[in-house]
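Heads up, the next two complexes both have subunit A, just with different partners, subunit B and then subunit C.
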Partner chain A sequence: MATKAHILKPGETAPRTVGRSLLLTLPIALWSLLMFANPQRQSNRSVQIASVMTAVFMIALFFMMMRTCSTFRWRRWFFVALGLLFPVGFIHNVMVMRGTMGIPIEEMIAGRTPFCYLPIPLLILPAAFTKTLLFPGSILPGGGMSGAGMAAMAGVWLAITLVVGKGWCSYACFFGGIEEGMASVPARAKLRKIDPRWRYGPWAVLLAMVLLSLALFEPAYCLWLCPFKAVSEYVAARNAVGMVQNGIFVVLFAGLVVALPLLTKKRTQCAFFCPFGAFQSIFNKTSVFDVKIDRTRCSPCVLCQNACPTMSLTTESVTRGETLMSCMKCGACVDACPKGAVVWHIKGTEVASNPERARLMFLYAAWGMAVMFGGSIIVEGLATIVHVFV
Partner chain B sequence: MAACGPVVVPSLLTERAGLRPNARYLSAFLGARFLGYLLFAAVAWELGVLVSLPPGPRMLMVGVIYMLLAGVLLWYAYSAGHVCARSCSSSELVSISVTRKRGVSGAAALGFLTGLSLCPPFLAAGLRAAELGSLAAALLFFAVFFAGTSIWFVPFVGLGCVARNEAVTTVARMTMVLIGLYYACLGLSMLLGRKVYGN
Partner chain C sequence: MKLQARLGYTAAGMTVFAALLVPFLLYGIFTKGFAALGLHVDEVYSGGPKVRTVQTHSYSIDIHRPVFPHVLQSEKPFVQLDWRPVSALPPHISDVVDVDGDGQPDICVSFDVPKDARTPLRVNVEALNPRYEAMQNVGKEKFSRLIVRVDDAILVRVPLARP
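Coming up: the complex of A and B.
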């Protein structure tokens, strides 16, 4: 019986064969096995099971990206899992180590808190002026961090950032998953008209927190504005100020991470608030990869603009054939374009000369990073859950 | 410089670009700050006990100043929206007023209030002023203190080189709102008679 042939739209890529997709998945599969086959962790049965589950999950998602030639929907599964499982593993660890999620200010100042990369850009200036690090987190068991440890972390971050730019926010950040999950719940956005000037919010938070951290010599963002304190650790409320601080955390989390993504179908915390995202945007200029609009194929249907979770596409930017510097390279616009006009691109090459090759190269870098950072967090969260049953 | 940065940087960024407008802003800011200093010096000398006030009333005073600072910052952000809505093309300094015709210079209001902020070095200087033999000596001491600390404001003139566009002025206004809210929270906590941190 003859089957009806699938007619490809302009720019649409045909699904790959299973064999070819498997072949393309092989490097990531090997990388995943290398990352998750840690003999030291394998002594714990829960971790063993969680590692296998995570490896299969990450490899399967990458395989589907190769097979279907689409990125966003598969990446979203990983990203939401990361966002949901991070608090599970984190809270479990904090409770085991401290018995409470509340961290006294003295502990925070002493740096005896779990390490968080988010406030680092906000504390560069105080560090430069005072030669003292204010990092509210440690990578050493007794608190604080070694120079070598910091240099290694900075080196890894720089290498990754130079390649993927703000792709960090879509493939490695463990904070954005919850809101992406929330944004994917409603079929349509109830709140469609958003003043584009809210896009400047992350820069304002960045500037305000840099200045306040410098003036007060304290990690102002961690003390006053971090929405994710609501699902990780919080300031131990021993007085009215502590209550106000925790109230702000909860309100910001409820508003920016839960309510507004549900109403707008956007990643509102990432798009309008996150200071680390603003800082990371700068490195979109140095990143090898970007997303371009092939003007010869584009009909101004604004589907890409509607799909973008961070409002990084405007009519003007589409006319220029590029995204704004806040683009997180999540792939939503590329997948949404029915004409194949929005394409992955390697800087210095012709736009749309071989977008699928550009996508592949980007994904190897980004997914490798996702396995390395996100994968270990997913393992930790899964192991916590598995431990209940095993 | 660090202590005044949260107030000066965003408000300066809402003004017109160029070294001259920025120098004019800083002149108004520093002039009013000088007045604040002199007022504090006079009161410190006259009362003699101001700086040795017990922590409770001192917190109350700082709380009031923080609340005023927060109010001025929020009002400034609102007023800057009228003066330089998109491109910040006004040649006048931003005024904070209800009628939008006549008002207090925003830079001067902020300068005066930061001049009254009771930071530790300022309190130490106040203590010294209180111990001096005459009011003139106290005023002179604070005038020199002002001159010494004002040098650190010179780098702020460099912000005049930052191009002003919708993005910069919007970010500056949003920053002012955030910092205003921060001072409001801090001030409110102090007015409620609470310690900021600790048991």
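Coming up: the complex of A and C.
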């Protein structure tokens, strides 16, 4: 039976006992063992050690979520680890397999370009109109760096999106952790006044990139605007255009993923630029979980608005008792509210009727996905580091 | 409890159950479903399907169907030819190829085959048919105009002349 809502006041001790927290952690512990004890992956000692470390890490974080009844700060440890370790494992693989982070044209022709989820929204219209995927990868496993192919990435994206909706951006995205880590470095934001119209940025980029990709028949975002090319791979520059493209990647990464999060304490790339994030917002409408504001308890202190890393709360939305559709369910606003007015919620139920039950149900689903998808990426990155010492 | 709330909790419970099924069932279903959509990778990248093979005494030349990029794509129409296997190729290739299969020679392709796979390739193409563009000392400039080594084949893409 689920517990009633526990709201931690400053200085208050954790409301759950260790025993009860352990009991609530047990399903995730079993799930982690199931996910990380895959004998096919345990091919070498480094992977074994990394798997054990990751399993302990994920179970410990979930235990702390149960024990403290807070979500954001513990999820952040996982998410930053994911963001930092993904490039480690990926770049290591790229360097071992082809000796450069630049994708040579031969690899693109051979269909061996690794496919991430970011171009998915750009591929939908061309695929619908012409049955053509405008990406130089392979649909099925193609060997080399292509990994499991585009179908596998599309499959995992669909499956996880079905479960967590826009929560993908907080529990599965292997890029967002870098800027979340950067945003957590300063104690206070140096840049506090941000024009709220920047919120429309991701939609504008999404619209522009979808239309450009359809018109030019190439993955325009990957070729011109993806900041994460700077820490994964890029088109090997064969001419001046390639140099300009790579320059844009570096400038966008330095600005949106490093400098602005340090100045604003926000996930600026996600909040103001990421077209995939905008696309993923649509799935907030299909997800059964959301975050609501109990207006009977809310005093408009704006702590939740300040805490939100993607500016998904406004005075108007708080008045309406809901977040904007860009909310990625990170839990920052829920944890920041001193009155317990911002609550996890299951659609159809009364607001604040049993927010802890809603939180638990969401966390079991989201953390299960985090362990399965993000956990395997953490293992890969960690194994690369462990391999140096073992 | 209201019906709406019951439905909400049921949906939430089903979502948790779906999460359990993701690695064992849903991931596979969605992956196979996506693969079964019958989509194909843009031929500007893949080179189009192979239509004919010309066999010589030690190696073969695969001729692909011409690829016509979409209206605003920055590539020209081209045809791809694959020389394979690389291990059976002589140090210098100079082949006259009937690309369209009409019995008349269309292009003369010549390139060196270095032993070191990392050595950059350069190709010369003489157009014997005005439908094809000549190329002089071309490496890998564009998807529609290049010579590259992919696995056990050397691929040459010859642009088609605009009518």
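FYI, the second predicted complex is superposed on the first by the 343 of 390 C-alpha atoms of A that agree within 3 Å, B and C clash if a C-alpha of one lies under 4 Å from a C-alpha of the other, contacts with A are read in each partner's own complex, and residues count from 1 in each chain.
Please note the rule applied: a contact is a pair of C-beta atoms (placed from the backbone, for glycine too) under 8 Å apart; a residue touches a chain by one contact, two chains touch by 3 or more.
These figures come from a predicted structure and were not determined experimentally.
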Which superposed partner A:Arg238 touches (first subunit B, second subunit C, both, neither): both
Partner chain(s) touched by A:Met361 [first = subunit B, second = subunit C, both, neither]: second
First (subunit B), second (subunit C), both or neither touched by A:Asn93: neither
Subunit B versus subunit C as contact partner of A:Ala159, first or second or both or neither: second
Subunit B versus subunit C as contact partner of A:Ile105, first or second or both or neither: both
First (subunit B), second (subunit C), both or neither touched by A:Ala220: first
Residue contacts on subunit A - larger count, subunit B or subunit C: C
Touching partner for A:Leu211 - first (subunit B), second (subunit C), both, neither: first
Contacts of A:Arg197 with subunit B and subunit C, given as first, second, both or neither: first
First (subunit B), second (subunit C), both or neither touched by A:Ile346: second
Common interface residues of subunit A - those touching subunit B in one complex and subunit C in the other: 105, 215, 238-239
Residue ranges of subunit B touching subunit A (in the complex, touch as defined): 2-6, 9-10, 166-167, 170-175, 177-179, 182, 185, 188-189, 192, 194-199
Footprint of subunit A on subunit C - complex, ascending: 2, 4-9, 11-13, 15-16, 18-20, 22-23, 26-35, 37-47, 69-70, 72-74, 140-141, 143, 146, 148-151, 155
Of all residues in subunit A, those that touch subunit C in their complex: 35, 105-106, 108-111, 127, 130-140, 148, 150-152, 154-156, 158-160, 162-163, 215-218, 238-239, 287-289, 346-350, 353, 358, 361-362, 364-366, 368-369, 372
Subunit A residues touching subunit B - in the complex, by the definition given at the top: 105, 129, 197, 200-201, 203-205, 207-208, 211-212, 214-215, 220, 224, 238-241, 244, 248
